[in-house]
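Working notes, structure below.
Each chain gets a letter, A, B, C, D, E, F, G and H, in the order it is written, and its residues are counted from 1.
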Amino acid sequence: MTNEIEIFVNGKRYTVSGSVVLLDVLRRLEYKETQIAVAVNEEFVSRSQYQQWALADADRLDIVSAVEGG
Amino acid sequence: MTNEIEIFVNGKRYTVSGSVVLLDVLRRLEYKETQIAVAVNEEFVSRSQYQQWALADADRLDIVSAVEGG
Amino acid sequence: MTNEIEIFVNGKRYTVSGSVVLLDVLRRLEYKETQIAVAVNEEFVSRSQYQQWALADADRLDIVSAVEGG
Amino acid sequence: MTNEIEIFVNGKRYTVSGSVVLLDVLRRLEYKETQIAVAVNEEFVSRSQYQQWALADADRLDIVSAVEGG
Amino acid sequence: MDSSTDTWQLYGETFNSRLLIGTAQYPSPQTMLNAIKTSGAEIVTLGVRRQSPGEAGGESVWKLIRELNLSILPNTAGCHSVREVVTLAQMARELFATDWIKLELIGDDYNLQPDPIETVVAAKELIARGFKVFPYCTDDLVVCQRLLDAGCEVLMPWGSPIGTGRGLMNPYALQTIRDRLPGVPLIVDAGIGRPSHAAAAMELGFDGVLLNTAVAGAADPVLMAAGFRDAVAAGRAGWRAGGISARQTATASTPTIGMPFWQQADN
Amino acid sequence: MDSSTDTWQLYGETFNSRLLIGTAQYPSPQTMLNAIKTSGAEIVTLGVRRQSPGEAGGESVWKLIRELNLSILPNTAGCHSVREVVTLAQMARELFATDWIKLELIGDDYNLQPDPIETVVAAKELIARGFKVFPYCTDDLVVCQRLLDAGCEVLMPWGSPIGTGRGLMNPYALQTIRDRLPGVPLIVDAGIGRPSHAAAAMELGFDGVLLNTAVAGAADPVLMAAGFRDAVAAGRAGWRAGGISARQTATASTPTIGMPFWQQADN
Amino acid sequence: MDSSTDTWQLYGETFNSRLLIGTAQYPSPQTMLNAIKTSGAEIVTLGVRRQSPGEAGGESVWKLIRELNLSILPNTAGCHSVREVVTLAQMARELFATDWIKLELIGDDYNLQPDPIETVVAAKELIARGFKVFPYCTDDLVVCQRLLDAGCEVLMPWGSPIGTGRGLMNPYALQTIRDRLPGVPLIVDAGIGRPSHAAAAMELGFDGVLLNTAVAGAADPVLMAAGFRDAVAAGRAGWRAGGISARQTATASTPTIGMPFWQQADN
Amino acid sequence: MDSSTDTWQLYGETFNSRLLIGTAQYPSPQTMLNAIKTSGAEIVTLGVRRQSPGEAGGESVWKLIRELNLSILPNTAGCHSVREVVTLAQMARELFATDWIKLELIGDDYNLQPDPIETVVAAKELIARGFKVFPYCTDDLVVCQRLLDAGCEVLMPWGSPIGTGRGLMNPYALQTIRDRLPGVPLIVDAGIGRPSHAAAAMELGFDGVLLNTAVAGAADPVLMAAGFRDAVAAGRAGWRAGGISARQTATASTPTIGMPFWQQADN
C-alpha cells in the first residue's frame, strides 16, 4: 500500500506517495473527517470505511461539505 | 299647527292630527331621536331642527338608523 | 382441430364446435375480414394468419373495426 | 381690410399686409382650399366662409390636412 | 349559414367586414395599401394634422386611400378637450366629406385613455352638430350607457391602452358590456396585439375590431393583415356557431364503449 | 409570401392545412363530413372499437371518411398500458392501411392525461415495429425530448385535458417546448375550446392544432369548423408576420406632431 | 424596519392596520365582533337604513360596534343619484358623529359599479359640505384624478364587482393608478375573494384593502378574518421588501460551482 | 379553531410552520439567519458541494444553521442522473445526519425542470436505501402518483421554474393533484416570487411552500421573510376557513331592504 499513484480530488490531479489508505490521504490533504463526505469513482464511501479503503491509481475522489442550498 | 295632515313615513301613509311639529310626530311614532336621522322630502333635517320643523301635508319622511354595511 | 372449445369474443363467451381455425370462426360469426382486425389474448393476429391460426380453449378474441375518434 | 396685421398660422407668426380676407391669405400661403380645413382661434371656419372672413390681429389659424391615423 | 350574409350595420350603412383598420405607421404607402386590401377592411381610420404653407401634406395618403373607395372614419386623435374635439371634428368633416367621426378625447397622457367624463360631453356636442359618432371609450359600462343616451349608435371600448398590444385586459368588463347592451354594435378599439386577441374579442360577441399598430408594426404588415382578417372571421364564427363551454373535468372524445381488451370480472 | 406555399412535413409527407380534426361526437355523419370539408383539414383521426358479430360496426363512418381521400391518423384512445397500445396500434394499421398512429396512453382516468413514462416506452415499441408515431403527451419538455430520442418526428402536447375546452393551460410550458425544440413539428392536441385558443397556439410557433370536441360539440359544427380553419390560418400568419411585442405603456398610433391648437408658450 | 412603525394616514388620522372591514352578512353579531377583532381592523364600514316606528332597528349592531372603539366609515350604499348620496351622507354624519363617508353611487344595477361621472359630482358636493370622502370608484385613472381634483384625499377603486370575489380583474389598471398617483392613499374596495387577492393588491403598492363578503360569507368568518389580516400584512411586506422580478428563464438557487462528479474533459 | 393546533406531519414528524426555506443567495450569513428566524420556518434546505483541500468550505453556514436547531432537508441540486443523486444523497446523509433528502434530478438545463422519468427511478433507489424522500417534481399528476407508488410520503411539485418568480404557472394542474391525492402532504417548491403566490398555493389546499430566491433576493430579505410567513398563514387560513366562490354577478353587501327615498308607485 505504498506505491505512488495518481488520483483526482474534485477534478484535480494529485500524486500520492506513501500510504494510499483513504484516511491517510484525507489527512494529508488537511480535510477534517467530520466536516466532509467522500465518494470514490462516484460511489459513496462512508466515514467508517476510510481506514480500510485503499485508493487505486486513477481513482476519482469527490470530497464535499455542506453549503447553502435551495 | 294642528291641522290633520297626511304624511308618508318610510313609504307608508300616516295621518297626523294634533301637532305637526316633527319632534312631536317622531315621539308619537316612538322613535328615539338619538338613534335616528331624518330626511323630509329627500332633504336632510338635523336633530336641532326637529322642534321647529312643521310638517306639511304629503310630506315624505325618511327615518333611518344604523345598520350593518360593507 | 375439431374439438369443442370455449372462447371469448369481445368479452362474451362462445362455444365453438367444428373447425377452430380462426378464419372459419370469424366467418361463422359473420365478420367480414376486410373490415375487422383481430387480437387473440391481447396479441395482434394479422389477416394473413387467419387461415393457419388454431384457437385454443379459453382464448380471448378482440375483434375491432373502425369507429369515429378524436 | 388692408391693415397690416400679425397672425399665427399653425403656431408660427406671420405678418399679413394687404387683404386680410381669409381666402386671400390662404392663397398667398399657397394652400389649396380643397385639401385643407381651417380653424380660427380654435373655432372651425368652413370653406364657404373663406371669402367673407376677415382676419384680425393676433388671430390664431390652424390649417390642417388629412394624414394617416389609427 | 353563409358568411356572406353575416352583415352588420353602422349608422344605417351595411358592411361585410368586421375589421376596421388604421392607416398610420406603415413602413411605406404601398405596404399600407396592400395591407388594407388584404385585410378586407371596408372602413379605415384617418387623422388630421397641421399642414405647413406650400406643403402637399398628407394629401398623398388621403389620395391613395380615396382610390380604395372605402368608408372613411376620421379621428380626433390627440384632443384633450371638448372644444378641440368639436373643432377638429368639423375640420375632418369638411376634409373627408363624411359626418362619421371617431371621437377620441384623451384624459391622461400616460395611458392615453379616453376621458370617461368629457367624452360623453363631446359626444352630445357632436351629435347636436349632426355627426355620427364612433366613441373610443374605456370598458366602463356606465360610460357606455351614457354614450348611448347621448345618441351614439356604436361604441368602441378599448381592449388595452393604444399601442400596448396587450390584448383584452379585462374580458369580464367587455363581456358585461356585451351582455348589458344587446343589439348595440360594439367594436374593440385599441390594444389588440395578436390575431388571437381579435378572435377573443369577437368570441365575446363583439361586432368588430379596430386596430392599427398590430398590423402596421409587424415585420410583414401584409401577412399580418391577412392574419387579422382571418382572426376576426374565426372569432365571429366561433361566436355564431355556439361554442362549447369550458369544463372542469376531462371527457373522452373517442367513444369509450367497445374498448378492446376489457374483460368482465367474472369471465 | 404566399400562404399556399407555407407547407409543412409530417414523416416526409407534405401538407397545406395545419388543422387536424377528429371524427367523433358529431350530431350526424353528414354534419361530420361537412365540418371536415369546411375545416380544410387534410388529416383526420379515427378510432378502433369492438364490433359485435354480424354488425356493420363503424364501417359506415370509415367508408364516408375514406371517400374524402384524406390522411388517416388512427388513435389508441382508451389504452392504459404499453401492451394495449401495441396491440391496438397493429390492429389499426391493418384496418386503416397506414403506419401512422396517434399514440394515446392514458395515465389517469380523471384528467385523461397521457402517461408521461409509459408513453415513452410505448413510442419505442411502436417505432421498433415500424410505426410513425404521433404521441399525445403532456407539456413536459423532458418527456418531449425523450419522445424525440425514441424516434418520434412530431410531438403533440396537450393544451388542457381532453374535452375541457380550457385552451392553453400553460402557455409558458408550450413556449418552452417550442423554443427548446426548434425544427420539430409541434401540434397542440386536446383542450382547445375556442378559435382564439387555436390562434394562440399557432402564435406560439406551434405547427398545427388537433381538435375534435370544440367543433363536433358546437351548436353549428360546420360554421365552427370554418372558424377553426380561419383561426389556425390567423395564428400562423400572426407568427410568420412577426408581431409586435406587448408593451407596458401606451403609444399613439396617429402621428403626434402637427397636432392643431397647440401654441408655443412664448407666442 | 419595524412593522409597528409602518403606519399610514387617512385625512390626518394615523392607522396601523391596513385592512378595513365591513359589518354586513355575518351569521351572528357575535361572529361579526370576533371577526372584526381578529382582523385587527381599525376602520369598519356601516350603513344606514329605514327604521320602522317603534323598532330598535340596527341600533343593536351599532351599539356593539361602538364598544370596539374603532373608526367608523358610514357608506351611502344603494344610492343612485347625487341627491340621494348627499342626503344619506348627512343622515349618516349625524347618526355616527363622523364626517367620514364612503361615497357609493351606483351606476348600474347589474354590476353595481360606481357611476364614474356622478361620483365625481357627488364628491364635490360632499366636500363642499365638509365631508371627508372615501370614494368607491372604478379602476379608471381619469376618474381617480377627477376625484383628487375634487378634494378627495383617498381613493377606493374596485378590484371587481361587489360580492363577486373575483379578486383583481384588471391589475394593469390598478398598477397604472398606483404609478400615476404616488403618495395618494389607495384602497382596493370590493371584489376581493381570497387572501391571495388582498396580498396581490398590497403588492401592487396599494395602501389598504376594504372587504366584507369574503370574510362574512366564509364558513368560518373568524378564521378568515385572521387570513385576511395576515394577507394584508404579507402583501405589504412584499411590497416594502422590494421583491424579485419575474424572469423568463430558470436560475439555480443552490450554488452551481463545486458540483461533484464533474470531470474536465482532458483529465 | 386554534392555529397553534393546525400542525402537519412529514415522515412522522410534526410541524407547525408550513413554510420551508432555502439558505442560498443571501447577502450575508447574518441576514440569512435573521430571515430564517423571522420566517418561522422549522425546515431549511441545504446543499452539498466540493470542498478544496485545506478549506473550511461551507462548514461555516452549516454551523450557523445547526445552532437554529431546525430540521435539515439536504438537496441533490445539480444532479442529472440517478447515480449522481444516489451518491450525493448518501454523502448528504452522512454530513447532515439525516435520512431526509430533497430529491432534485434535473432533466433540462434551460428550465431546470425535474426529470419526470428518472426522478421516479431515483426515488425508488433512495427509498430502498432507507431515505425519506422529498421529491421535487413537475405538476404532472401521473408522475406524482408514481412517486407515491415508489414510497414517497410527500410531494413537491413546482409552481414554475426555479428562480423565475413566476408563481403558479398552472393552478389547474396543481388543483388536480390536490383533488386526486387527498391526504398526501403537498408542498409547492420553486417558482414562488411574491407572498400572494404562496397564499394562492395554500388556498388550493397545498400543505406547505418551499422557497428561497424570493426571500434571499429581495431588497430586504428579513422583511420579505415576514411577508412569506404571513402569506402562508393567510393562505392556509383562507383554505381552512372555507372561502366564498367567485361569482359572475355582483351582490350588495350592505342590506338592500330599507333603502331610504324609495316610494311605492301608488303612494
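Just so we're on the same page, a residue touches a chain if its C-beta (ideal position, glycine included) is under 8 Å from a C-beta of that chain, and two chains touch if they have at least 3 such contacts.
All figures in this text were calculated on a predicted structure; none of them were measured in a lab.
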Q: From chain C, count the fewest steps through touching chains until chain D is reached.
A: 2
Q: Write down the chain pair with more C-beta contact pairs when D-E is set against F-H.
A: D-E
Q.
I need the pair from D-F, B-G or D-E whose contacts repeat those of A-G. Over half of the residue-number contact pairs should coincide.
A. D-F
(Q) Can you work out the whole-Å distance between the CA centroids of chain A and chain C? (A) 66
Q: Could you please state the distance in Å, as a whole number, between where the Cα atoms of chain D are centred and where those of chain H are centred?
A: 72
**Q.** Overlap residues in chain F, where contacts from two or more other chains coincide
**A.** 22, 24-25, 47-51, 75, 77, 84, 87-88, 91, 110-111, 113, 162, 166, 212-213, 252-255, 258, 260-261
Q | Where chain A touches two or more other chains, by residue | A | 10-11, 39, 42, 62, 64, 67-70
(Q) Applying that definition of touch, give me each pair of chains that meets it. (A) A-G, A-H, B-G, B-H, C-E, C-F, D-E, D-F, E-F, E-G, F-H, G-H
Q: Would you tell me which residues of chain B are touching chain H in their complex?
A: 8, 10-11, 13, 39, 42, 60, 62, 64, 67-70
Q | Touching residues on chain F, where the partner in the complex is chain H | A | 107-108, 110-111, 113, 115-117, 120, 138, 140-143, 145-146, 160, 166, 169-170, 172-173, 176, 179-180
Q.
Which residues of chain E touch chain D once you look at their complex with the stated criterion?
A. 22-26, 32, 45-54, 56-59, 61-62, 74-75, 77, 83-84, 86-88, 90-92, 94-96, 162, 212-213
Q. Considering the complex alone, what residue numbers of chain D touch chain E?
A. 9-11, 29-31, 35-39, 42-44, 46-47, 62-70
Q: Would you mind writing out the residues of chain E in touch with chain C in their complex?
A: 252-255, 258, 260-264, 267
